[in-house]
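In the two complexes below, chain A is the common chain; its partner is chain B in one and chain C in the other.
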Partner chain A sequence: MSGNAITRRGFLAGTAGVIGAAGLAGYMSFDAWERAYADDSDTHGTVSTVHSTCNGCSNKCGFTAYVVDGKLRKLIGDERHPMAKGKLCARGYAYAEIAYSKDRLTDPLKKNDKGQFEAISWEQALSEIGAKVQQIVSSDGPGALAMVQDPRPSGSYYAKRFMSALGSPNVYTHGAACYESRESGIKQVIGANSWTSDVANAQMTIFIGRSYADGLRPSALMAMEKAHEAGSHIVLVDPRFTNSQKFADEWVPITPGTDLALVLALCQVVTTEDLYDADYVAANSVGFDEFRESIAQYTPRWAAEKTGIDETTIKRLAHQMAQAAPACSIESGWRGPSGCQYKNSGELARAVACFNALLGVYNQKGGALLYPSVSAGKLDEGKFPSPPKPQAAQVGSDEFPLAVDGSALAAVKAASEGSVKGFFFYNSNMVGGYSNPSYLAQVVSGCDLSVCVDVQMSETAAACQYVLPDTSYLERSELPAFAGGAVPSVSMRTQVIDVVHPNTKPVDEIFTELAQACGVGQYFDFTMDELAAAQLASVGVDVDAARQMGTVYFNDKAFSYGSTPNWKTPTGKIQFASDACKKAGYEAVPSWIEPDVMPMGNELRLIEAKQPIHSHTMTANNETLMGITKKYDLTRAWINRSFAENLGIADGDTIEVSNEKYTGKIGVHVTDRIVPGALYLPSAYGVTVEDQHTAYGVGLRPADFLAFKLEPGYGSAMAHEVCVTVKKVNA
Partner chain B sequence: MDAEKKALVFEVARASFAPAERDAWIALAAFSTWSGYLDACSSIARDECAVLSDLLASGELDALRHPLDYEAVRSFAARHFTGGLPQSVVPVESLYRTNPSQVPAYGGPSARYMGDLASSMGLELPARFASTPDHLAVEAGMAALLYRSDANLADSFVSERFTWLADFRLALVALDDDERMFFCALVDVIVALVECIRSGRHEAVSTNNLERK
Partner chain C sequence: MARYGMLINTKKCVGCYTCVAACQRQNNLLPSEQFIRFEERETGTYPTLSVETIPLQCMHCEDAPCAAVCPTGAAHIGTDGIVQVDQGRCIGCKYCMAACPYQVRVVNEETGTVDKCRFCTVSANDGTAMCSCVEACPTGARIFGDLDDPDSEISKAIAELNAQPIAGDLTKSKVFYVR
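Now for the complex of A and B:
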């Protein structure tokens, strides 16, 4: 019988051509149905609730989904989830629309001779990709394959296992365009990738280029609000007056690219004035003498010239912090100046970690907390055999040895030189913004094999030869998501609605089938449910109970204040001086490095940052969120009032932003809330794939102005090392 | 109108917009079957659908004279009846009929209605359409079934259901693809038929009202 035929339930094909009297009695017109049900959908039908997790950004906030007759009706943030604490952000609600989006990919796609995508069967896609992978492995070895994935619970596990099974160590995240320098720099100092500032209990917290109200995490913003109400002194160092200012006491405008100078000077004040915790430093660190000697040169006066912050303010901030210690910290930052934006991002991260060490704030109430975490234990090797550890070194590890997660952009560089021949992408839009998009597209499309797994056509998918359609996060269950925290926890993403498009598959199935097609299926001879159950059992949690509760806490592993962290550095101590950094071409102690570019004359440094309603371009195609963008004209570039007046530019004008890479037009917001010398563009816009009907052509994409160049030693994108000029359109 | 002929018109639409199945398509495109379809169109036009008659006379439906071969139908569907591409025209009602304040998305009221309708009539939808029961193939299949079971209900269903095809046709005709006119013509037949049924029903209601007076 045809797979397209409508049948009478329980009857054979031969009787399918006619509906019997009982069936006809069930007929209702649309009009009658609408009157009976359409406006009443919450009160008729079967209601079920499911705990799951959001995919609107990497916080993965927990929620309870209310489903009526199979259709998602309502989401409520889970009180018990450590990131959500009962609240979701606007993205969390709106992003759920992706499941039913008009622009969903519904079938595997392959580019034809004309470069246009055509739907193909899964069998064809898998067998062709499998054959190509085997060809690359036999001609160039598994090290010629690379994978970039934006970490999600199942994706991280399956993508890595798939690549390991093939023998390739080249698995990367979006880190090079986000957190790579920060985590790598911090690791050099304290042996951990990050800390959590105990903002809610602090007397004082300094944020450098990090805005909790823009790069949103509900629980973090709540902590900031609580601190503000309790009288904690909150300082925002930023070239822009951000949305977090509502919860802060002070905005310290800074020349972008010079945050390192400020922190070096803060270190200088507390060391030269003996305001640091000498006992703590003596007990916990190495390299302090060398650090103290070097830091002496970075006086507040010197830093004032670099940063545009007056000397008195720098000294006052250092004094206030020393006074508040140990109930204070410089927050670790996110995708800010220490994350990936400057040539000195890694050094900034090191300097910040050193400053906190000087004040002895690690694991102190109100300080910088190194939270415990829990991860899955060892699993039964018979059922879940581990693939052999890949032999080759990760591509990029020689040139960027400090990068803790490796640099996806180093793999791009290798592909441009011909040593990486096949690229896989999972839930990653590398081409759309990790660096210059047209350059990245050119490299990816020039590879022998390029495969993208996603839910909608991204710039990355558009550059690939094959696109495999993923189910949305609401249509699949995933592996447990372990999270560190004051009390470590594990949360579950559980399927909320039925699969909307039957020819899409969840990520675990896609990688399992890819592995089978590539001849390494023996490492995937289990289901995701079996693996989830085994992972949870290894830490004493029952999978059904976990899915039922949404989040389970490991109370026996709870954090307590006052403990001395286990410094996981090569020396077992806080490292004010690092041999690895020296080997990578840096000074052993954090030192001043000039930004790669400095605006001259009428040039402006292009800076970009998140808005609270978007997760970069990932949410740009969402009609509801884009509706907010349009209503409040949020695509506008910001420039400083005095600079604008000199060029005859008024608020609301259209300007042309230009450099040697790109020229584009955009409305302008003329404001005192940005320092002179900088032009701000939000990071969510400028999507260039027509397939995203809502996002296409709206606003400018900052990465288009960027040249492909990488931070020495760390391999990050240096996203703010770019200058532009502006002029009024029709002036 | 002859209900069986209308059933055939919708049966052909169902087969053309559903994922193409080689054997079924070859059987449908065989001379005898296809000429049966063309005869059905002519006969409906001649007997009671002036709009369709005009269309046939104008030559606008000439693309239907020779059915596309299986490969052409398959490849057209592969380029256009798949989601997420600039040249996607997925034939699902929810994507075309929305009120201006609504975002076109899968699973709209038409999908919920079609799902409820099928289940209240004890009909089982093909698994591939479980979440898109307002796919043109399903709606056309439902119309064909109804015409073979109760022509009045079928007319009611058809006159309510297929008005979205006008927007769908606009999307189809805008495609950069030589084969689009075949699919446009299939849609044109239904649109014409719906128009005739709607005006016929309108006349019937008016006459009824007069008689009552």
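Now for the complex of A and C:
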């Protein structure tokens, strides 16, 4: 049993203390676990419970783990956790298998001259990586090192601190293949990276390319259901009829890549018909005159041509929204059309933020809410000394100045040009899908140094020289995860089970030891537990209490309706016009930009999106989730029925999908649930790593069809700027 | 004695498979053992259409074809009307699988025996606060309870929503659907 476990009796009594450090937990071999699992009897055993957080996607939902004799049995979503609200999704239940997966990385690996991995000791791995880092730093400076990490509580802190200690500002997230353009565009307008639509209390909400039931976050799906039952008008603008349609009133199918045209036209209607909140705009914004002048050209008729949505519908949606204001909003989106998918993603995000501003919905009940957040305060510099701020500018910041988090793909570009020489990855499968995988693999493997820290052999790990085995999320405690919200909170990932493979290490230890090996260990002279305690103490929370409760709320920082946000833009106002955008080569006010490619003749635009059972390739190797995939043939491509009939393609046929980058075969789902000009592929499949025995070779990977090219100014992947042709196999 | 049943509101089902994975995890099933089976019906034509997602599982029939054909008595109606499989008596002949009109019985690949939804609230060895699928469903599409208790949540919901067995009175099913 983990040292952090609480016995059932203690849990019920509420008196058990949280004892022991993660490092003291014992080991249990995989074989021993497997035997014990097979012989398991539910009728005996010590039951203990631990609050922790899921790693099945970036929501990190809180759950209570029931551990019987050291083995994880049941998981129950935590009522107190703001994302979970008492529920987990299929990934949450199934992904827990990762701890005992046969495909776990168990030892540090180094690639030999033949390109095969060999197990090496931690000492060898650390000393060789340390020497190479120091070599790169002395020859090219620390700016030649880059780090990509998909944010997790400990990972984002340690990865960033490690790079700062080395003097490199080049720390990136997966944003360029997810949210980068959306957050960057929104920030230009309102000074915050996002908002939360108050769906549950809205009279009307328009979603553009986001599906709460597919990119599933339990609390968001529940809010949508509540709104639907209360009679709120919910509109889904999407090239696909998604699973969220169950709680929506309208599907507005749209030609993919043209969402910007729709939103510009919505702005046009409310502006030219004087339906906007003139007082709000006057009091809160700059650049409105320029915006109004420019927006006049984007008539509903013009947008109808672009989007395939008829003019009457566009006008009606604008009128309905104006009538519902301020209890309405266009939802912020996620990875969708404003996130990273098109050449006009960033501009779409800006246009959406401007539309919400026109209706004055920010912080209004039912509108778009800028929730407060809490973060750790200043810590004792003696114990936790801050590394000096890196001197160099972040790689990519000159070409992609609008990117709020920078662009990992800009660092790839720099590596291809020779200015980035060392790449680190944590919990990130960049190679497996941020852009074209074979191109990314070639660039990463061509670097002087490449290191991947993960739990399984991803495409990224396979491209690296060194692979360091992390413990799974169930086998380690992590730093506090602060989250903004109606009431800001902090949640704890706490060790649930003992370490399964004795030669794996938790992320905090890996980066601490890497720092020591690179000669910057002085910035890591503390344990994760000490840091967690200090971070929480800085906001008045006791770490033991936090671990025991799972989630702690900061009630004194709670959101209240009706306040005017503090607009954190350069002008301190909502910016209908942005100097930064103009400098980056855009019009100062959001303006129409054609998608980079448009399907011609029999071509289809390749679009991809999440299914509720997978988080891209990260969960594809999970046996339970892949079991669902296979039972329901969920790898199939979707194409529109009338389009398919013209090509003589029937539901269930195998088709060949092809373009200049890639050709592959896949089963097809012929359906009315997709617009005629698009082909949909789910984003989770097509894993090319043989070591992932469950996922390998199943389905197609959309990114294989994609060319490596980046959205101007924002640096995102433009994941949907790709066309393919299809034909029936053996026709 | 209670007479247990379930209500599934397909109008709330978004087809997220959470119930499937929760059932597997909480009941310690193999990855290949899925006690819940989905059917999806798409009606209408682009762009005016609707999609119905229907989760099917053991209906705990009062007139249970599986129990009628089982040569060893492994498949039987147990206490509180819960259809059960005595794993020790199952010889893996699969008659029950052929007989089940709902096709919701599955083979355990390790033991070769047949298994299916157990209404785990009451019949699982360690019991749970609620059936795993009911507890897990993020949209609250499922209700479990005593059909003989007129004041139970399920009895009231069946009456209010006019929930019906999926195949009429074919087998006197105790799983009721809102469609």
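Keep this in mind: the second predicted complex is superposed on the first by the 691 of 731 C-alpha atoms of A that agree within 3 Å, B and C clash if a C-alpha of one lies under 4 Å from a C-alpha of the other, contacts with A are read in each partner's own complex, and residues count from 1 in each chain.
Everything below uses one rule, namely that a contact is a pair of C-beta atoms (placed from the backbone, for glycine too) under 8 Å apart; a residue touches a chain by one contact, two chains touch by 3 or more.
Just so we're clear, the structure is a prediction, and the values are computed from it rather than from any experiment.
After overlaying the two complexes on the shared chain, residue contacts for A:76 are found with chain C alone; chain B is out of touch.
In the superposition on chain A, contact of A:498 is made with chain B only, not with chain C. When the two complexes are overlaid on their common chain A, residue A:628 makes contact with chain C while staying clear of chain B. Of the two partner chains, chain B is the only one that A:105 touches; chain C does not reach it. Shared-chain residue A:388: touches no atom of chain B or chain C. In the superposition on chain A, no contact is made by A:585 with either chain B or chain C. After overlaying the two complexes on the shared chain, residue contacts for A:225 are found with chain C alone; chain B is out of touch. Within the superposed three-chain model, A:648 lies out of touch with both chain B and chain C [touch as defined at top]. Once the two complexes are overlaid on the shared chain, A:216 sits against chain C while remaining clear of chain B. On chain A, the surface touched by chain B in one complex and the surface touched by chain C in the other have residues 97, 623-624 in common. If you check the complex, the residues on chain C that touch chain A are 11-18, 20-22, 24-26, 28, 31-32, 34, 38, 42, 44-47, 49-51, 53, 124-126, 128, 135-140.
Remark: chain A residues 40, 42-43, 73-77, 87-94, 96-97, 213, 216, 218, 221-222, 225, 241, 243-247, 251, 253, 612-613, 623-628, 631-632, 640-642, 671-673, 675-676 touch chain C in the complex. The residues of chain B lying in touch with chain A in their complex are 14-15, 18-19, 21, 24, 75, 77-79, 81-88, 90, 95, 103-107, 109-110, 112-113, 116-118, 120-132, 137-138, 141-142, 145-146, 148-150, 153, 156-157, 160-161.
Residues 2-9, 16-20, 22-24, 26-31, 33-34, 37-38, 41, 69, 71, 97, 100-107, 109, 116-120, 456-457, 469, 498-503, 623-624, 690-691 of chain A are the ones that touch chain B when the two sit in their complex.
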